[in-house]
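So, here's a batch of structures to check.
Shared between the two complexes below is chain A, which has chain B as its partner in the first and chain C in the second.
And then the complex of A and B:
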């Protein structure tokens, strides 16, 4: 089981403070959102959780995944965590997938690195995973460049989930996709994470996506958490200035139709 | 009232890439028309053909069959009258402002550049350049005094995109083509970009805008008409009100449902 506790996390790079005094808690099996404008520090927090901060970053506070302190942890500890207990889905599948590996090899790789399974077993798991993410078995032989953006992101999800991680960090996984694909990917991610009983941190700047993906969320502004709470409540009754602004913008940019409102 | 003049047309545009077994039809018999002063949205998912159509409409690629005209002149190769007029009278706004602005140039220099290279402005003097640069930046909601001397690195995504829009605007083009101008920008800043386009439409009522997007939430505020592309075919075209509130094609219905909360 793996909850997450971020305590008084501070990150600065070259003397410039990026993230200050951030506390985030993700319970076991919980889907939590982190929302904020670009430059608010969202991705830095997710990088801190993955132990992927730039080498010149100075950190304070702690990030505890399960019972491992990630901040300042040894690379061997991090390598055992990443891809095994923590899976990541990134914004741009075209650049996060390896262009010279077929989809099948790509999804198989984390299994090879973290599990002692024979080839037939690994391939059976890859086939089962492809089916779970809604991809045809023939996709295994293709290269990322032969797939659409939505298919690529499905491969990204399959690669993140193949090792049955306890925590999924999804950093703007739908921003590069069109609205139909966006919705399919969010729904897919939510159903797979819930079925696996894993926890998820979902990072986005888009409130309509946030509402579908998470039950609780934190609003980040200028590197600080300015508001947090139940996602639906927060959308209905934003408190802080920044949250109000983000919610208003999201409303304005959601399609307003004459008749419907069927959420 | 007479209808505004037709500016740009694409008739029966088909574009096939590759040969033999590799043949892929990117566009299949698509016809569009853009009139002076209107804002037309080209909507579709990735792979729908919207970028290919845009490139063809701008004369940057040639259709396998079909024709493009600009102000009734054929756009057919770089020597054609239509192509040359189109180059003079159209500007582009790209998806990522940071890759479309030169990082070593100040805002002032980037926005002034089209005036210096455009034949239409061959005789323009320095004070007129300054005036037009000021005017363009103000129109997109950027205070010239604050922004002229900045470099792209000192701009937020939304500000950088508005600089790119000011640069597109500075030559008073008849047509502005914006290719996903908001998809790389965060939600709050998108509203500022929309405001900039609304200001352009108000102060330049004859300028046509083609907005390429996958986001109906964005185009609802700005487009007069919407063309929906899916797998290279035009599946729907109509007024914004009709397409959003009474979509006919199954794909449009799905798109509309997914974009509503």
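And then the complex of A and C:
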């Protein structure tokens, strides 16, 4: 199991403060959301947790994954965590999956980097993982550009989960997808994370997506946490201005989708 | 395969078009080899007689097809001035120029790629600034001045260290391998250092762009360190862009080394072309220009194929469309 404790996290780039005084706790096996509008600093927090901040970023405070302090950690320590104990699913698979690697090699990479398994064993695990994310085993030989957006994101999820990591960081994994595929991808991610007993940080700007994916969430505005609590409660009774705006936007979006479906 | 055939047909069509342009352009130039041979004060009858002997009075279409017919059989024609086979003259000159540009390219790749990668991966802003400065200054050095500087430093007889030949190419050519190779070292360094500095900037730009992309985050999220991701994923993703730059650089070198060949007194293609143009040796010039254009187009054709091979996205992007 791997819990996460983010304490007084501050991130600035080129003297400009992006994130200030952020405290986030994710318990073992818990699915927690981080919601905020564009530019609120959500992705920077996820990058800080993965040790993927730009080299000119300055960080203060602490990010503890399990018993490892990520802030200021050596690059080899971080690389040892990433892909093994922490898996990541990114926003746009078309611009994150390696375009010159076949899907099979892509999913196989974390296994190759962290475990001493023979090729046949790795390939068997890749085939089993493809099945789990609802893709045919023949997809392994294809390149990402041969797949639809939804299929590509399934490959992204398979790559993140192939080593059964203890924590999944999903950074707006449905933003680049249409509404029906969004729902399928969220449900798939939630069921796989729950089955594996892993924890998850789900980042989004869409409350309707967040409600399906998480039980508890933090609302981020201007680089600060402005509200936190049970996701369903926040959706029903938003307190802060930013939360109210996000909830109103989600309601509008849900109505629009319903109308589109009715049409 | 259809893509290869289509690109090859385009290559052939471009060659045909360029052959017409070269042929026509040289006919527009004032004066011809007959007037050069007959001398400035020769009577027009003498010039006309020479033109007739050389076949320059035949209709242009007949001259064009006779030239193209020869090219198809690998016969570049005969120099109007020296009477020697142009194919053998060009082959002799190419035996100097091609090794020179290949060596120049090796130096440029060694300098450009290595320093480009090192400067992109450096975590120290000061180091990156120094490399940036070196790339700008190196790329701005005029070839003539750079070559002179190397001659002054290393040239045998005139240079401070006096360890390398700086003039000419052995009479025996590559039969005298050691001497031929050493005579190309300084010219190749001149070409390589200047183009290497430009290549370093392109490498920094191409690799830097990939380093800031989501592909790097994904690679590192799988368990690579930043350096491993840059070397194993970043460089591979920057390769198509660099192949274009290196292809253009290589193709451009064949005429770009003209100044270098003159400076180091090398009997190469560029230096020969200048001489033949001065003599109005039409058949020689048009065959040489055609060969240069063919080389340029062929490198472009290879770059296109390499691109397709290196980036699967290009293949899938046109699937279902005009392939």
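Everything that follows uses one rule, which is that the second predicted complex is superposed on the first by the 255 of 263 C-alpha atoms of A that agree within 3 Å, B and C clash if a C-alpha of one lies under 4 Å from a C-alpha of the other, contacts with A are read in each partner's own complex, and residues count from 1 in each chain.
Please note the rule applied: contacts are C-beta pairs under 8 Å (C-beta built on N, C-alpha and C of every residue); 3 or more make two chains touch, one makes a residue touch a chain.
Worth saying up front: this structure is predicted, and the values here are computed from it rather than measured.
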Q: Quick one: classify A:90 as touching chain B (first), chain C (second), both or neither.
A: second
Q.
Going by the contact rule set out at the top, does A:138 touch chain B (first), chain C (second), both, or neither?
A. neither
(Q) On the A-aligned overlay, A:98 touches which partner chain: chain B = first, chain C = second, or both, or neither? (A) second
Q: Please indicate which partner A:159 is in contact with in the superposed arrangement: first for chain B, second for chain C, both, or neither.
A: second
(Q) So in the superposed three-chain picture, is A:76 touching just chain B, just chain C, both, or none of them (first/second/both/neither)? (A) second
Q.
Give the list of chain A residues in touch with chain B in this complex.
A. 37-39, 148-150, 175-183, 205-208, 211, 245-246, 249-250, 252-260, 262-263
**Q.** Complex contact set, residues of chain B against chain A
**A.** 44-47, 156-157, 183, 185-191, 214-218, 220-221, 244-245, 254-256, 258-261
Q. Which of the residues in chain C come into contact with chain A in the complex?
A. 123, 125, 212-215, 217-228, 233, 236-237, 310-313, 316-317
Q.
For a test of understanding, state which residues of chain A touch chain C in their complex under the given definition.
A. 47, 50-52, 54-56, 75-76, 78-80, 82-84, 86-88, 90-92, 95-100, 109-110, 113-114, 143, 145-146, 156, 159-160
